[in-house]
Amino acid sequence: MTTAKSIKGAFEAMMFTWGEPLDARTAGDVLNISEKEAIAYLEELKEEYEKEGRGIRIRRINKSFQFVTADENALYIERLCTPVRKRKLSQSALEVLAIVAYKQPVTRGEIEAVRGIKCDRVLEGLARKELVEEKGRSNGIGRPILYGTTDTFLKYFGFSTLKELPDIEDIESLIEVPEEYEDAIMANQISLEEIGSEEKTDGEATAPEEVQPDPGEEGAEAGGDAEQPE
Amino acid sequence: MGYKVRLDVFEGPFDLLVYLIESARMSIYDIKVSEITSQYISYLEEMQQMNVAVSSEFMVLAAELIDIKSKMLLPRSTDPEANPEAEDPRTNLVARILEYKKFKIASEILREGEIANFRIYEKPQEDISEYTESPDEYLKLDIDQFVNAFNLFLARKKKIEEIKQRYERIERQKISAEHRMQFIQDLFKADPHKKVPFSEIVQDKTDRYDIALSFSSMLEMIKQTKLTAEQKRIYGEIIVGATEHINEKIVAESEPAEGGE
Amino acid sequence: MTTAKSIKGAFEAMMFTWGEPLDARTAGDVLNISEKEAIAYLEELKEEYEKEGRGIRIRRINKSFQFVTADENALYIERLCTPVRKRKLSQSALEVLAIVAYKQPVTRGEIEAVRGIKCDRVLEGLARKELVEEKGRSNGIGRPILYGTTDTFLKYFGFSTLKELPDIEDIESLIEVPEEYEDAIMANQISLEEIGSEEKTDGEATAPEEVQPDPGEEGAEAGGDAEQPE
């Protein structure tokens, strides 16, 4: 057990058996190699599977690695075994999550200031789903809890690290265009509005708390009853 | 405009406001406050008529809009003193709407990721019960612990050695106490009336055993009424004197000495 | 979805999520290909995994196929999955281990002479944990077993040889408790005045086990230490 091939083979077997994301340090310990070395081997493996276009791939979440199916095979898997229906997060949950993701560590008060509405129950729900967690306490008055996102959050949205979140400054510049481009903004807003209103009338109008999946969207035929398996 | 949309689909007052602004094809940077305020309020009223609970946050924003609307009616720029920070009464509102929109867009990006990720499947963990049922007993041991444990043992061992030595010394003392008493007796031979500080009785002041031996010998002789001793203050020097019995024969140890002093 | 690569990819993903052996006919149905074709593709896949020496392989059972881990990785999977329960050695076990470590090869009798207490069961436990082992027999009466430490013992401390243990000379000299050491302690602790203090002697007579009364002090009480709690 010293060749790169046999180390990678051991990691494949371990990831396969483990099912859940396998921590590189834990995996490395088994083979008496450092976390850093383990990550290097696992990254190599990940690339191999991608390059060979295999039906299964390796997903990285921070320093953990997991075998998953390639997304192009979703249809066949669904045909084969009607997997557990996935339920989308509600719009309010997503908004709170977006604020937590970009502003973390952030207090509930700060989130509520952005949204103009209370969000204690939404935060509770996100914490229960392990998408957010307490990251400590602010030094402000009352020492409010600071929230941040979890590894489950990364996994849920398909990010390997928080660095993969789309740059929020781009979003900002997209909105804050100087006066002379106002017409362009307006045009942009019209299209946004159209998408938004369609979504609202079709999808969200009937879903009070948890949002019903939009028809026609992948994995959404599912409907909204089954709990998201996590 | 027909708002065939229920209030509860809006994620909050900003969500509704943004919806109204965009529906009216208005620029966020130039909100027609009067128009949007009446739309916003009539929307809330409509909801109340339909017995939909309108949360207080929606009312707060309504009040803010009315406030801005009234400020808009005042001649601006002519009176910068009144509100030097935000010359345009809408400035703060616009900033908040933009901040909200930013995260609204971010949430849409997250939604895309969520849906794309629904196409990826995991597998459950294999059955590993054969391993989990027999946990490895891993010994937690480090060198410091090992050395500490050994040092503790050594300390205890040393203690035992001390006890042994002490008993040996007590044996020895029984012999040598006689010599020490003889020595004390000799001190008073020339002058039975002299007073001797205890420290003079001790021959080797650096040896604790010698100190203790002298002390016990002195006590023994007091007991045998050969000596008197007085101490003026606690921890003070003990002054030893002789009695008329000083020259009587030395007895190694008097019988009822069991309980010490 | 017509290339061999994509068909094989679909089969990989299906086998992966299915878990149980996947029937070739069922798998073929999903892709609208015959059982025979499905078997051919699955066999090809199976060979690929073998040829590439992957850590996971495909096992065929009649006309069903299943992902399994490669035999050579059994040990790593066992290491990964076996929970670790950390245990500490008891004080007596540590002591016996120390005596064995520093005095080896040593008989049980010698250990007991040093410790003044029986240690057959402690030795047994250490042997079971593979920290000590028999190193032969002494030439003494009854030819008692000689004990020594094992390589496992060295491994625990990350030592390559026994020489790396903290210096044995210091420790051995401490066992003997030289007299001058004791006298030094006494010189520090007693002063002339204290002898006359009744309080002092009283205090020491009831001293707990840890604080041993000094021999000199005891002597002052002329045999009064008979009731000394020990």
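As written, the chains take the letters A, B and C, and residue 1 is the first residue of each chain.
Going forward, a residue touches a chain if its C-beta (ideal position, glycine included) is under 8 Å from a C-beta of that chain, and two chains touch if they have at least 3 such contacts.
What you are looking at is a predicted structure, and each value in this text was computed from that prediction instead of being measured.
Chemist: Which chain is in the middle, if each chain's centre is the mean of its C-alpha atoms?
Modeler: B
Chemist: What is the chain whose Cα centroid lies farthest from the Cα centroid of chain A?
Modeler: Comparing chain centres, C lies farthest from chain A.
Chemist: Using mean C-alpha positions as chain centres, tell me how far chain A is from chain C in Å, no decimals.
Modeler: The computed centroid separation for chain A versus chain C comes out at 41 Å.
Chemist: Measuring centre to centre with CA averages, how many angstrom lie between chain B and chain C?
Modeler: Chain centroid spacing, chain B to chain C, equals 31 Å.
Chemist: State, to the nearest whole Å, the distance from the C-alpha centre of chain A to the C-alpha centre of chain B.
Modeler: 36
Chemist: Could you check chain C for residues that touch two or more other chains and list them?
Modeler: 13, 16-17, 77, 81
Chemist: Touching at least two other chains at once: which residues of chain B meet that condition?
Modeler: 121, 123-124, 128
Chemist: Which residues of chain B touch chain C in the complex?
Modeler: Touching chain C from chain B are residues 121, 123-124, 128, 131-132, 134-143, 145-147, 149-150, 152-154, 157-163, 165-166, 169-170, 173, 177, 198-199, 202, 205-209, 211-213, 215-216, 219-220, 231, 234-238, 253, 257-261.
Chemist: Taking the touch rule as given, give the residues of chain C at its contact with chain A in the complex, in rising order.
Modeler: 5-6, 8-14, 16-18, 26-27, 30-31, 53-56, 67, 69-70, 72-73, 76-77, 79-81
Chemist: Considering the complex alone, what residue numbers of chain C touch chain B?
Modeler: Interface residues on the chain C side: 13, 16-17, 19, 77-78, 81-89, 91, 94-95, 97-98, 114-116, 129, 131, 156-158, 166, 171, 174-177, 179, 182-183, 186-187, 189-190, 192-198, 201, 212, 214-226, 230.
Chemist: Inside the complex, what are the residues of chain B that reach chain A?
Modeler: Against chain A, the touching part of chain B is residues 4-6, 8-9, 11-14, 19, 22-23, 25, 27-30, 55, 57, 60-61, 96, 98-107, 109-111, 113-126, 128.
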